[in-house]
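Shared between the two complexes below is subunit A, which pairs with subunit B and subunit C, respectively.
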Partner chain A sequence: MSRLNYTFQAFQKDHFWLPVAVMGLFMLITLLMTGDRQYSVVRAFLGFTLPLLAGGLSAYTFLEDSALELQFATKRPAWKMIAERLGLVLFVIVFVSLTFQLFIQLLGVSLSPLGNVFQRQLVWFVPCLTTLVLGGAVSLMARNSNGGMAAVGGLWIIQILLRGWFAREPVWRNVLLFYGVMDPLGQPRILNQITLTVFSLLLLVAAHTLLKKQERYI
Partner chain B sequence: MKKFLGVLRYEYSMSIRRRSLLVIMFLFAAFFIYLWADAGVQFQQREDDITQALLAEAAQTVFFLNLFFPVIVGVSSADRAVRDDKLGVREILRSTGLGNFVHVLGKYFGVAFSMLTVELVIVILISTILVTLSALPLAFVLYSLLAVMLISAPAIFFVTAFSLACPLVMPVRVYQIMFTGYWYWGNYLSPQVLPTVSNTLLNASGRFPMIAFFGEKVATNWASVSHTEAVANILILLGCAALALTAMIAYLNWREKRA
Partner chain C sequence: MIEIKNLHKTYGSGPKAVTALKGIDLSIEQGMYGLLGPNGAGKTTLMRILAGIVHASAGSVWVNGNDMKTDQGRRQVKAQLGYLPQELGLYPDLTARQFVDYMAILKGVDDPQLRKKRVQAVLEMVSLLDVADRKIKGYSGGMKRRVGIAQALVNNPRILIVDEPTAGLDPEERIRFRNLLVELAAKRFVLLSTHIVGDIGQTCRNMTVLSKGEVRYQGNPAELTQLAKDHVWTITSPDGAKPNAGLTIVSMQHMPEGVNYRVVGADVGRYPQAVQEQPSLEDGYVWLMK
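Showing the complex of A and B:
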């Protein structure tokens, strides 16, 4: 518990307020919209914006800790550090997403086009998980938080702008972060979500291997 | 001038040697080349106006590269000024009598030129591949470089200025995330979806110069653009960059007075 408390304290506070502030902005925009445009804003927040937030914040979870060397001096397994740090970002993202969905329910906007309750959680959770692990893993690979953010930012902008091309290509659509939200009830989304989850796991293994080589970050 | 060139040279060499960011830029560029090859080069040689056709093709190549390249430029540049504060470099430089004006300008042009160099290398690489594979005239490489100067360079100068200035007053990661979102919202999102500046002269995607100077429209529903509008677009972007740098210098001066 004290370690979790340390992780919480070590995080910059914008890890917490930024997702909440962006959620507030989208809530405001939703209130200003009417009809189908409200659903478009909800879709934009859950399916497109949350993955960027998750990836951007996770890129800064490992290497910005000023006491990183002290952390390495303790005999803590790498997986615990990964779980604590990425877990905290994921917790914030999950909290923000669920709060936003609650707000949308209260507003009376139907989320049924995104499927049942379980399916609509997968629509945002799977891409968030992928960018979350990608941001962390690339920052460790690059030994630089900026590298992680550049990878997440570059991937996000390419995929959002070329999402039509990705969605049309039978192979490439499986790595499209936004396929779930673009085709929430289609059959190909299952393979897409499985592929993204497998990628996340592979990146997690890579992050674990990299974090064990502590001398790279000192 | 000597001090300015010294800062510029130092910043340029520091900025361009960041291997991890170079690797990421070239990886995305490689994906871009793959996309281009996969789509098949649609170049149609028109007997009557080969120069115009080549210019249009060069513009399109650079415009597509501009979809993501400025995002990586913005993210990469965001820590340049903040890093000086963190490492205490600014205090050391100030003790040498180097003013904030010269320091900021040198840093700005050093970072911007380093990013422009990377883009020029990528564009030369892509256009050489196209020249080789599609048997295009060698002039295509020169047209591509011209397209970089008119379509992409204003965006790089615009983005670099804000990426140096904004992180001084907000956390780097917040700026980087907001900037990535802005690049899509402010340049490519249709105003019918959300209120945006993408249809105004503040658009930094290079759409205005591409249509006006190269006669190329990627989407059929894009309106025509006059030469005056395209020049105004470039000048507005450069003007915004100048404003951001002026604000940055004023902020640094103010902070020093308070210290």
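Showing the complex of A and C:
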């Protein structure tokens, strides 16, 4: 426990405030809206904004570490380092999402269009997982945190702009990050969520292979 | 026992490739071992390979019976390693005590009681106890280096690798740290790299001089000193003119009778006033590198 606490304090404390601030902003906007527009804002936060935040934070979680060479000289295996770093980002994202949902409940906005309690979690969690691993893996591949951010941001913006096209194409819709939130009750969402999860696992394996090559990063 | 055979290391590939080590053979016994060499000689590369961070391109490296080619071997070595990198980065928002504690956790010192004791002990060794609970961002350069030394020692390592550890330390702290290393070396491997010739002469039983990725000298400091025997001179120049003709000036001093030059070289025939001197380790090094 104390190791996560230190990891958090050492270089992720600043990152924590970004999603919290964005959440605050969306809370404010929700308060200013009424009726259906409130639901749209909620959807925009959970389904569209959170994945960007997850990927953005994870892109900076490995290499923006001033004591990386010391970390590498310890016997801790690479998978543990990945679990720690990505786990912390995921924890922050989950915390922000659940806090936001609680706030929405208190406001009386119904999330039932996103499915039952379990289904509506998948709608944001699966795309967040994908961008999270993508940001981390590409930052390692490029040996550059901004590279990871560019990959996440690029994918995000392309998919936002072309989301209509992606959603109509029977093959391409499976890699659309926002398919779940666009068609929360449709059957095809399940294949989409499975595909994104498989992608995440493959990227996780890639990240592990990359992180083991320590000399690339010092 | 550290056994290095025909070790090569090339960074990158193609036209941009840099070969940092070109066939190093070394065997290093327990005790204090010095690595000396000019900038870019390959000292840091060698130390990172021994620390399991950088992989060799060719050749073999065995550390205490562990093959550094394998994941397993590298992990075994890291489990008994204390490492102080040349470019030391810390976490400015942690206090020294937190930082050393964090490193102890990463190194697998799991028992909280034991860890607390070790952290306290190493902070005391580097005389940081009275500022240990202040954030590192408020520390001076030398204090940060001492935090680095403390974290290297916190897991009571069998193998201690320190890359330019005394850079930025004040003279007293440097002497204290040198003595600490010698004490630790009684039961450990201590590998020290430095540009400061004096640090090695006063501490290491054995040493290696690296230059451009190759071993230029291997032996003890006394023998390196003796290489310069009969090649060290003092030349007093009344008008201050610098001696040349293949002589390397190691030091100079302005005196009432002129400028005293201490020079290392093969032949001082052109300077009949030259007085022969006893060589120092630095002279030996200069002679070797000529």
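Going forward, the second predicted complex is superposed on the first by the 216 of 218 C-alpha atoms of A that agree within 3 Å, B and C clash if a C-alpha of one lies under 4 Å from a C-alpha of the other, contacts with A are read in each partner's own complex, and residues count from 1 in each chain.
Rule of thumb we're sticking to: contacts are C-beta pairs under 8 Å (C-beta built on N, C-alpha and C of every residue); 3 or more make two chains touch, one makes a residue touch a chain.
Computed from a predicted model, the values in this text were never measured in an experiment.
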Clash-or-fit label for the pair subunit B, subunit C on subunit A: fit
Which superposed partner A:Glu69 touches (first subunit B, second subunit C, both, neither): second
Touching partner for A:Leu53 - first (subunit B), second (subunit C), both, neither: first
Partner chain in contact with A:Phe16 - subunit B first, subunit C second, else both or neither: neither
Per-residue touch tally on subunit A - higher for subunit B or for subunit C: B
Partner chain(s) touched by A:Pro77 [first = subunit B, second = subunit C, both, neither]: second
Minimum C-alpha separation between subunit B and subunit C after superposing on chain A, in Å: 13
Overlapping contact positions on subunit A, where the subunit C interface meets the subunit B interface: none
Residues of subunit A touching subunit C in the complex: 2-3, 6-7, 9-11, 13, 65-77, 212-215, 218
Subunit A-touching residues of subunit B, taken from the complex the two chains share: 18, 20-21, 23-25, 28, 31, 35, 67-68, 71-72, 74-76, 78-79, 171, 173-174, 176-177, 179-181, 183-184, 188, 193-194
Residues of subunit A touching subunit B in the complex: 12, 14, 18, 29, 37, 40-41, 44, 49, 52-53, 56-57, 59-60, 138, 141-147, 149-154, 156-158, 160-162, 165
Contacting residues of subunit C [partner subunit A, same complex]: 48, 51-55, 71, 75, 78-79, 81, 83, 85, 87-94, 98, 101-103, 105-108, 151
